[in-house]
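Got a structure for you, written out below as structure tokens; questions coming shortly.
Going in written order, the chains are labelled A, B and C, and every chain counts its residues from 1.
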Amino acid sequence: MKYYLKRLMKNKLAVFGVIVILLFSSAAVCAPWIARHPPNKQHFEGLTLEGAPLPPNKTFWLGTDLLGRSLFSRLLYGARTSLIIGIAANGAAVLIGAFLGVIAGYVKGIVGAVIMRFTDLMMAFPALLLAIALAAIFQPSLWIVAMVIALVNWVQVARVIYGQTVSLTTHEYIEAVRGIGASWPRILFVHIVPHLWPTLLVWATLGIATTVLLEAMLSFLGVGVRPPTPSWGGIIYESQSYFLDAPWLVFFPGIAIMLLSLSFNLVGDALRDVLDPTQRGRE
Amino acid sequence: MKKKWKIGVLVVCGLLFLCASTAGAAGGIKQGGEMIVTYKDDISTLDPAIGYDWQNWSMIKSLFNGLMDYEAGTYNLEPDLAESVDISKDGITYTFKLRKGVKFHNGRELKADDIKYSIERAVDPATQSPGQGFFWSIKGFDDMVAGKVKELSGITVVDPTTIKFELTRPDATFLHVMAINFAFAVPREEVEKHGQDFGKNPCGTGAFKMTEWKLGQRVVFERNKDYYKEGLPRLDKVVFEVGQEPTVALLRLQRGEVDILGDGIPPARFLQVRNDPKHKDMIVEGGQLHTGYVSMNVKMKPFDNVKVRQAVNMAINKERVCKIINGRAVPANQPLPPAMPGYDKDYKGYPYDPAAAKKLLAEAGFADGFETELYANNTDPNPRIAQAIQMDLAEIGIKADIKTLAQSTVIAAGGEEDQAPMIWSGGMAWIADFPDPSNFYGPILGCGGAVKGGWNWAWYCNEELDKKAAEADAMSDPSMSDARIELWRSIFIKLMDDAPWAPIFNEQRFTMKAERLGGPDAIFVDPVHIPVHYEYVYAKDAQ
Amino acid sequence: MILRFLVKRISQAVVILVGVTVITFCLSFLMPADPVRMLAGRSATQATVESIRQQLGLDKPLPVQYAKYIARLVQGDMGRSYKQKTEVSELILSRLPATLLLLVGAIFFELFIGLPAGILAANRRGRGTDTWIMALSFAGVSMPQFVMGLILLYLFAHIIPVFPLGGYGTLMHLVLPALTLGITGGGWYSRMMRSSMVDVLQEDYIRTARAKGLSERAVILVHALRNAILPVIAMVGLDIGIFMAGAVVVESVFGWPGIGQLAWQAIQMVDIPVIMGVTLVAAIGIVLGNLLADLVMPFIDPRIYLN
């Protein structure tokens, strides 16, 4: 364990990623103490006389949005939305994908074939359209959005786990253990699943990069979390037609989304190098 | 003595009107030139029996005509394809004498048969016309809708230039219905030739004819040289370019590449454009027959208590909401918009008074407020407006959870008795089909609309007011029109005592046009031919 | 052998596409909105609504409706849009060129940015340049497309008005949206190119080429690239799929009249025939893209092929 950590720390980019994640997490947790204004309070002084938003100034550090709310506060609280949905959605996706992948890879036969055809089907389905349709059916809330994203994202995990499970079960040593008469739960949980941990861990991290982006995209299309819950993508969505006059409303949330997704990408990629050097990586 | 005076005035007015109209038609304004109008979305259909969105509504009016129409820039009815109309004393029979020499774009002359065919086509279930219901008062309507008969017994063609309508009872809105798009004349042979594609190959009697339609790119109208109105249309050609983002279109207008922004001024640039001295003369402002409101479902607790509804009316800061949309609307205090006959200028309505609102809530038993839901459509700026309203409600203790959903979903929820306690009508808000107060009542505030799938989202049903409304609509005699308007005014004011709605604002219309286009301001914000009355626009550089 | 492989994959594809239509059909009807109500408009009476429903065949049970749809589909009839009454196939065909054009532009920029970056990084493996290029690649793919698009619009269409502010028509209109996709997608290509190059550069025949005295440039650009490029081609295939799945966002930002926008509007209005049509076309795109990728794979790793 310590060995892996040491190797991880050697990777400069991964360190950067970890720092950013910690930064955002603490921002999310400590938001009530850092933010000067409540995120949902629409200030009368937050808009010009004609109703235009204010650029960054002394009272509102990052400016205001179209309802006179402090962008800085909304960014901080928005970190919660992005992190909660990102982690929950990806967690669910990994669980579903791993579950189906292992079963398909271990049981094989008809069950395995059906499951894999199903993943093929889901892969052929245009992901964003599926997400939009699902969001239209289940009126969005924080958890519904997370569920929708999970339903779109589990496919890749399933395929990878399937491939790994299949190759693991054909190992001679599994044949040997089976020969001794070990029961299938034992084989599964003691001999196979532990080898899947590295992959699962990598996906648990890398996947968050995607789910964060997906949440932003859904909010950007207007089918994300319910207002007035702050969401980085949602802020951009509300302000996009004004972006020529109020670019800060697009720039700051946009950079935040990028940094968060980037950091999970960097950490996940580094994890992949460290845990499983046989996979396509750097060296 | 008095009588002679009155006659004298009438004669002078008549002469002036005659001079004005002929001057308008021929005097000084030459025909010629072209105009480019931009739109973002593709035009859906130009079939008058089917087209029912704000984009194609006035385009269809330029391609087709009906028995009646409205004077340009006003709400005044005038005969169009009809030369004259005679209404029987009991208000049941309408006899129209048609103009002679009106030709369809394919060259054939219009006959009374065509009117009968066109209206029956709109009522025929096979056409799937959304306007079918407007013709309810014509005899034979119910049977035809049920599919029992193939024609309306109430329409009789007396001779090729005379057509008679028999109603089941007096209907004061009938002439308005004869002016609506669904009643426009279409030639049978063209409809049968194109079938379902008639909407893409429209053929009518209108001032313009459609000569080109490239899906996703543009639609071109060219002047109908045989148009029966002298001197109209003034332009030779109108090109509708679609797929133009409003912000891009604005830039092109400022550079002189296009002439009219069909989608209006993009909200984000509104302030900037309005304050820019170079461009502010290009903007024309006018009223619309529009009211944005919050409906409260009287069948769901606690909105069954009138005090709660009144409290909501007093809690919302309408000035602030108008500010959030950069002043593109004016606060409203009653269901009817200012431009609608029947609007009460002196009505004070419910003032913005959060303290009084809180007191009312306490009287109703909700001193600590309550939780509820506010539905809104998820296109900008409606989520923002909903959030502004949410904050105002929170001030008096009402915690409203916002549900921003696709338009179709909100509409579906409103049509259910027990789903949506409050709905912000923005983006789906009521714009009148024709300039008559009855159009603001029936489907959205009358008992008839308070059914599953209906548009009366407040589920408000007041039998007494319904009776009065029916009474008002039976006053079809033109001499009673003032009394009728007065009755409608009182109906809506009485309705506000029950406050099933909290009227928020009336959106103004802002049309931005190029300097080179001429014509009275009124036609650029025409209340009926939205956004622009294409027939009356002329090109200054063609003069 | 290739023919048998193709036949097998195509028959699989057909089954998958049928599955897609079933799922889309179910989803469309699960949406809590009534397409007939939307069509009929506000002033329609209950009778009008019911008659329209009957005309459209929406009063029949779902399996019957589905069967009818498939029956017409195999004859090439995708039905008519509820809202526009135009044939769905006509609507899609009028917008498909725009989407395809964007696809080509996007792939062009992705390769234009990603390939040289990847080759350079592979060449300077382990050094500063390598780290920077990889970091930038990651940054690119972590950037949401709509943010990138809005930033590019702001910088190059507003502040420095070189390009048009969105819209469609000329090559200039294509640059910014394609560049947006290029920057956010190029990162995958640079990483793939890099790792592929690294693998290839370790092969024996590269050492032989070097020993023969060929210039480094020739070694890399001619001998190594030829083999390293194969996974990239596979990736292009997958990319087509990803593109078809998510073009909505970029089309929305730039006002690009593609099928993504069509689908988005159709979902809002519950215009079921259009939803079915666009999803099917997108799925066909994805399947074709994957097929392309699969065809290239055997040349990269013969073991997969023989499996």
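We take it that contacts are C-beta pairs under 8 Å (C-beta built on N, C-alpha and C of every residue); 3 or more make two chains touch, one makes a residue touch a chain.
None of the values given here were measured: they were computed from a predicted structure.
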Query raised in the report: Taking each chain's centre as the mean of its CA atoms, which one is farthest from the centre of chain A?
Result: B
**Report entry** Of A-B and A-C, whichever chain pair has more C-beta contact pairs
**Finding:** A-C
Report summary line: chain B to chain C, mean C-alpha position gap in Å, rounds to 41
Requested in this report: Can you check how far apart chain A and chain B are, centre to centre, with Cα atoms defining each centre and the answer in Å?
Outcome: 47
Query raised in the report: When the centre of a chain is set as the mean of its C-alpha atoms, what distance in Å lies between chain A and chain C?
Result: 21
Query - Residues within chain C bordering two or more other chains - result: 31-33, 267
Query - Multi-chain contact sites of chain B, meaning residues that touch two or more partners - result: 247, 406, 409
Query raised in the report: Counting only residues that touch at least 2 other chains, which ones in chain A make the list?
Result: 136, 240, 243-244
Query - In the complex, chain C residues that touch chain A - result: 12, 15-17, 19-20, 23-24, 27-28, 30-33, 131, 134-135, 138-139, 141-147, 150-151, 153-154, 158, 195, 241, 244-246, 248-249, 252-253, 260, 263-264, 267, 275, 278-279, 282-283, 286-287, 290
Report summary line: chain A residues touching chain C in their complex are 12-13, 117, 120-121, 123-130, 132-134, 136-137, 209, 213, 216-217, 220-221, 233, 236, 240, 243-244, 247, 250-251, 253-255, 257-259, 261-262, 265-266, 269, 280-282
Requested in this report: Would you mind writing out the residues of chain A in touch with chain B in their complex?
Outcome: 40-42, 44, 47, 50-52, 66-67, 136, 139, 222-223, 226-228, 237-238, 240-245
Query raised in the report: Taking the complex as given, what residues does chain C use to touch chain B?
Result: 31-35, 37-49, 51-52, 54-56, 80, 83-86, 90-91, 94-95, 98, 164-168, 254-255, 257, 265, 267-270
Query raised in the report: Which residues, counting only chain B, touch chain C once they are in their complex?
Result: 40-42, 44-45, 47, 50, 52, 125-126, 128-134, 136, 142, 145-147, 196-197, 199-200, 215-216, 243-245, 247-248, 251, 406-409, 411-413, 415, 430, 433, 443-444, 451, 453, 455
